[in-house]
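Same chain, two partners: chain A is paired with chain B first, then with chain C.
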Partner chain A sequence: MTPVPHSVPTADRASPPPLPPRARAAHRAPTASGGRPRSRPSLRRRYARLGWLFASPALLVILGVTIFPIVFSVMMSVSHVTVLGGGFQLSGITGDNYAVLLRSDRWFHALGFTVVYTVVTVAAEVVLGTAVALVLERLTAGRSWMMALLLLPWSMITVISGELWDYIYNGVYGVLNAIVEPLLGHGVNVLGTPLLAGIAMGAADVWKTTPFVAIIVLAGLVMLPGDVTEAARMDGAGGWTIFWRIRLPLLRPTIAIAVLFRILQAFGIFDLPFVLTGGGPGDSTESLAMLGWRAMFQDLKFGPGAAVATSTAAIVLIGCLLFLKVFRSQVGNEEVGI
Partner chain B sequence: MTLRRPRALTAAAAGLLVLAGATACSSGGQSASADASSATGTITWMSAPLGPSGTDARKDLVAAFEKANPKITVKLVNAPTDTDTIRSTLTTQISGGAETPDVYDGDVVWPAQFGQAGLAVPLSDHLPSDFWNRFTPGLVKSMTYQGKVLAAPFFNDQAFLYYRKDLLDKAHLPVPTTWEQVQKEAAQLQADHQVKYGYVGQGSSYEGLTCDWTEMMTDAGGTTLDAAGKHAAIDSPQSQHALEFMRSLISGGVAPQAMTSFQEPQSEQLFTSGQVAFLRNWAYAYADANSSASQVSGKVGVTTLPTFSGRPGTGHSTIGGWNLYVNPHTKHLGADLAFIKFMTGSEAQRILATKAGMIPTNAAVLSDRSVQAGNPTLAVAAKNQLVARPSSVPNYPQVSQAVYTNINAALAGSTSPQAALKAAASQIDSALSKGGGL
Partner chain C sequence: MTTSTRSSRGRRRLFTGTHLAALLVALFTAAPLYWMVAGSLKSPRELGAVPPTLWPHKPTLNNYSDAFSHYGFATYLENSALVSVVSTVLVLLLGTFAGYALGRLPVRGKSNIMVVLLMISLFPTVAVAAPLYLLLRDIGWLNSYQGLILAYTAFNLPFAIWILRNYFLSIPKEMEEVAWMDGASPLRTVFSVILPQAKPGLFTAGIFTFVSCWTEFLLALTLNNSDRYRTIAVGIALFNGQFTIPYGDIFAAAIVSMLPVAILVLVFRRAVVSGLTAGAVKG
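And then the complex of A and B:
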């Protein structure tokens, strides 16, 4: 809080133009600063009220399409749900749906796969994305062209790019095998081997989202204060030191945003396993989102399906909050700005 | 607080539903089947396009029906082409209380699931028992849940063994009737560098693998569930034999390694590009393999699937295909029943067989020589031994997942056949237990 300036004339000069009757009434009300007329708060309140009024249609829409489904999904996850000809029937409050998850090897497997997949792909994307951003920053000619080109994978619909990757990985007419077969003497069944299938899927993910991370990091790089780097250079620091000791620490808030976005998306991965492996071989590449979809729309088990959805959201939310907390304690609040 | 009102509402809705159900039952029964002949009104039929691209046999069927039943009009609604999307569409609509579609096409594996969830009218309550005599034996049983027939078989799909006629002739090999023979002849054609691969089927982790597997396991004498349908019976020596054989096709190089990620399109593509000698696929593959886009057009033969040596008869084919279901909220039950009677009768089934190239469910039409002349798969279909997937349990989707995920893992070699069958059995048991697992 900045102290209130005591020079009255200055305050008068700064006072706003004549106000409508209701606001003027507020002038007369005594204020904390000892009876000095103060119009700001009431004006702000009036603006705020107007703001809410303007925002209310949008808020109603959000309530309808976001809040209600979330609440309904949470309700479903704690009730016995039956689909009968007449609709969903929720009855009683129960923890059965969550108990089903805890008893299911399949859920634990999907959880493990999703966590490992998220950690590995996000880490790879951040490292590669930062490297790409550093190159892009140095690029003077053709940077915008480069960026447009880089954004192609990101702008492609995942289901489509997944099909393209399938042409690469396919064990019979795949591009990858055409290259590998002469070298090894035999083909590789990429999508039919658990570990390879996971890696192949991760590669497709990294290919698609590295540009996204690169663009965010690039934005951060451009905003970095040049004087700090310059000062370091004058003190004799080399490029390597400047990057690790100055630029990277300053970039951390930007990278944190990129990581958060990516975690949220990677944890809900559905389209790539759906197109590439169908969760196979066996159920080795089945993510939580796929498991939830299966439970709900193939098995018509809406209770356990909702429990998968709700718990997935809760886990990723807690994960993100923990990440932010650790991050804050390292960098300090004022630097994070989020 | 906020919870209480919806609950009261759902309770009230449930009460109303029970009442509505009760009245529907009391007013239904014989009277409905009686007025099927004099029914009037407009009904909605949800169906995906029937027949090869460029033809739409649905329009011919509707025209023929309206001609025979001038008082009833049929409104055709397009269904998605993917079975799981259709299921979620119907579940949402019907459980939301929609009166349309009155009649819809549904997968053969849905009866138990839909019967349990009340998403279809039990047709056997409304149609006379002799109505069901028109169908190929075995079909009606697979549409029965808790003693009630929930759907009328509309058209059938079966699996066949497609083979390269030219290559077999050239090597003076007979058309195989056993799996061992397929393996031997395939290996010989591969050794002679006639083809890159010998045999291909569907091995990906999905419903299609349950079909391929059910056929081979039944050929070996195994079953998925016990006779009462209460427990898994998949972990048997017969299954073990079938799974070891299936795996040996891949590990021996007769089938491509990548078969473990193949669905129908990939395996068919391999065949039509001339890279494989034998293909297991559904009825439509015959037209595709002989189309102008195929590199083996005119060189393709079709026969029943083989069985294991020493087993009687031909090999087994899984029952595929689509049924006609009636929406429980329909306002035109009489007209719906008239529609179903017509669509399973000889005129409509003849249109389906000749125009759409489907296998008719009406036994008389299927065995009719004039119908068979147009499509060689039909003559073979009449000889097929059919086997139903264990879809008589409401948790069938989970039973099937237990089958295809584990069989797929064994085919890929990431687990042993014994371990795969054991895991499948325990997952099936947990799916069949009360409430089921996940």
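And then the complex of A and C:
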């Protein structure tokens, strides 16, 4: 989407993140390569070995439980999978599973729904989240209470928020109907209407996830250099101008991260449709993750299911690679340790 | 956090637009939560009332006892607690060492490793559900604690490493250098010099991990489908009765399951908030 300017407060080890009390000490430290004389390669090698020793347990667990299954999933998606009584068998390489997808209206529909849903909800969350963050920033008293309140939906089990909104949207005794009926003259069966069901699900999602975006954006706001804004104010710039011309551009890297995180998370959405709409009415709110899971664990079609799952992951991966720059800017340059 | 020295333009009104906006945000956030609390105290008849009653007219705690007696909710609670706590401890333990190594030690290619980790933490779980299911079935770990713990540990490690590494980067080096010089062993340095300073980072990583384990649904549903090993999320999703949805029982269970996290967030709100704002994004 937007290129990320590298100058803004991203990864620069020399000036560490906002930890005022320790900042002074850190400024003295960094000489050339981390303050270590370079004339001791054996020591460096020892530290490097230690680094691998420290990192490897975690990396092995991650490798075994996430990367290996992803590879396995890819293999499954290009094989004939036969489910037997006690197990299953992979045989031969085939493109059949993907051919099934490309011939399936249901897959195209799930793909379309997931894409539209992701774009719309994330857009809403980012706009609302930024607004909430601006409010929180200006709020002097009671900010931590507000944040605590906002963290409640975020920390909620999605299944529970699904049930809650299901009750709110109920076509007979839901509170939404009680609010809407006097206005329209009739009730609405929100979850029974394809488009409305999608919107209703998005609203539930926005309610739960906006706080997350707000927190990230607030973190970015807090770190903006105050003197720039102050200078603009001296020059007579109004609040809106300052926001649009100065603060928003400076916030762009932070917002880019929030958008990226949310897009990738939203793309794998499963819990909410599972509980709130069951993918319905019909297949209208069926996400890719749900379609893949159903194919595998309800219809036991592991091959096509794996193809759905793999293609979903592939789309996410492509998204990641497209935004590689944003990821890299988060990590910073290769650093030489101790 | 911000020491905004506002120019004195008569901004010291008692109730400003900011307050109004904050009030609206609070209202929108709290209303559905209130509805859940109110619902948990209503009888089934009152839950189905048209129009709905704004507050429980005959408040009852029956739903709470039902959730425990009819639905084996205590078991689910226990399972969730066990799996989440053990996973969180493991994540913090492994993550501390990995985060320290990737932040401070001269590991070749560590920024590439960090990029890959960040990407993994955003991968859709459904992509690994089937292979993980088959793998755990082969070693007999379906419907067990250790299977889910293994999965949760692996899935939450990347983001935890990320938070911890960023935190370690912000700690000044002198102390650990002195420890090295004094001949402290690497383990000793990590435990007695680094960890005490990294408490806020550990706290943030711990909260993130715990919440994500506590709320996870897809893997719990796939890997632990027997009643004995169900977690809260799965238990509540499958609460549905034969003819009607027992909203009262669901909400009662929901509130009980939210309490630990809610208390944590409310009591430690300052730490959580500053931890999240410092840890959520790289400074």
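The working rule: the second predicted complex is superposed on the first by the 272 of 338 C-alpha atoms of A that agree within 3 Å, B and C clash if a C-alpha of one lies under 4 Å from a C-alpha of the other, contacts with A are read in each partner's own complex, and residues count from 1 in each chain.
Throughout what follows, contacts are C-beta pairs under 8 Å (C-beta built on N, C-alpha and C of every residue); 3 or more make two chains touch, one makes a residue touch a chain.
These numbers come from a predicted model, not from an experiment.
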Query raised in the report: Which partner does A:289 reach: the first (chain B), the second (chain C), both, or neither?
Result: second
Query raised in the report: Of the partners chain B and chain C, which touch A:55 in the superposed model: first, second, both, neither?
Result: second
Query raised in the report: Counting only touches as set out at the top, which of chain B and chain C does A:316 meet: first, second, both, neither?
Result: second
Query raised in the report: Looking at the overlay, what does A:184 touch: chain B (first), chain C (second), both, or neither?
Result: neither
Query - First (chain B), second (chain C), both or neither touched by A:103 - result: first
Report task. Would you sort A:297 into first (chain B), second (chain C), both or neither based on which partner it touches? Result -> both
Requested in this report: Have a look at where A:278 lands relative to chain B and chain C in the superposition and call it first, second, both or neither.
Outcome: first
Report task. Identify which of chain B and chain C touches the larger number of residues of chain A. Result -> C
Query - Touched partner set for A:123, first chain B, second chain C, both or neither - result: neither
Query raised in the report: Now for A:327: first (chain B), second (chain C), both, or neither, which partner does it touch?
Result: second
Query raised in the report: Which residues form the common part of the chain A surface touched by chain B and by chain C?
Result: 87-88, 172-174, 297
Query raised in the report: Hey, which residues of chain B end up touching chain A in the complex?
Result: 3, 6-7, 10, 13-14, 16-17, 84, 87-88, 91, 94-97, 113, 117-119, 204-206, 256-261, 266, 269-270, 275, 328-329, 395, 397-398, 401, 405-406, 408-409, 411-412, 414-415, 435-438
Query raised in the report: What does chain A use to touch chain B in their complex?
Result: 75, 82-91, 96, 100-101, 103-104, 106-107, 170-174, 187, 189, 191-194, 277-284, 291, 294-295, 297-301, 304, 308
**Report entry** For the chain A and chain C complex, residues of the former touching the latter
**Finding:** 9-11, 13, 16-19, 22, 25-26, 29, 34-35, 44, 47-48, 50-55, 57-59, 61-62, 64-70, 72-73, 76, 87-88, 131-132, 135-139, 142, 144-168, 172-175, 178, 207, 211, 215-216, 218-220, 222-223, 226, 233, 254, 257, 261, 264-265, 267-268, 270-271, 274-275, 288-289, 292-293, 296-297, 302, 305-306, 309-310, 312-313, 316-317, 320, 324, 327-328, 330-338
Report summary line: chain C contacts chain A in the complex at 1-2, 4, 7, 18-19, 21-22, 25-26, 28-30, 32-33, 35-36, 39, 47-52, 94-95, 97-98, 100-111, 113-115, 117-120, 122-135, 150-151, 153-155, 157-158, 161, 166, 169-174, 176-177, 180, 186, 190, 211, 214-215, 217-218, 222, 232-234, 236-237, 245, 247, 250-251, 254, 257-258, 261-262, 265-266, 269-270, 272-273, 276-278, 280-283
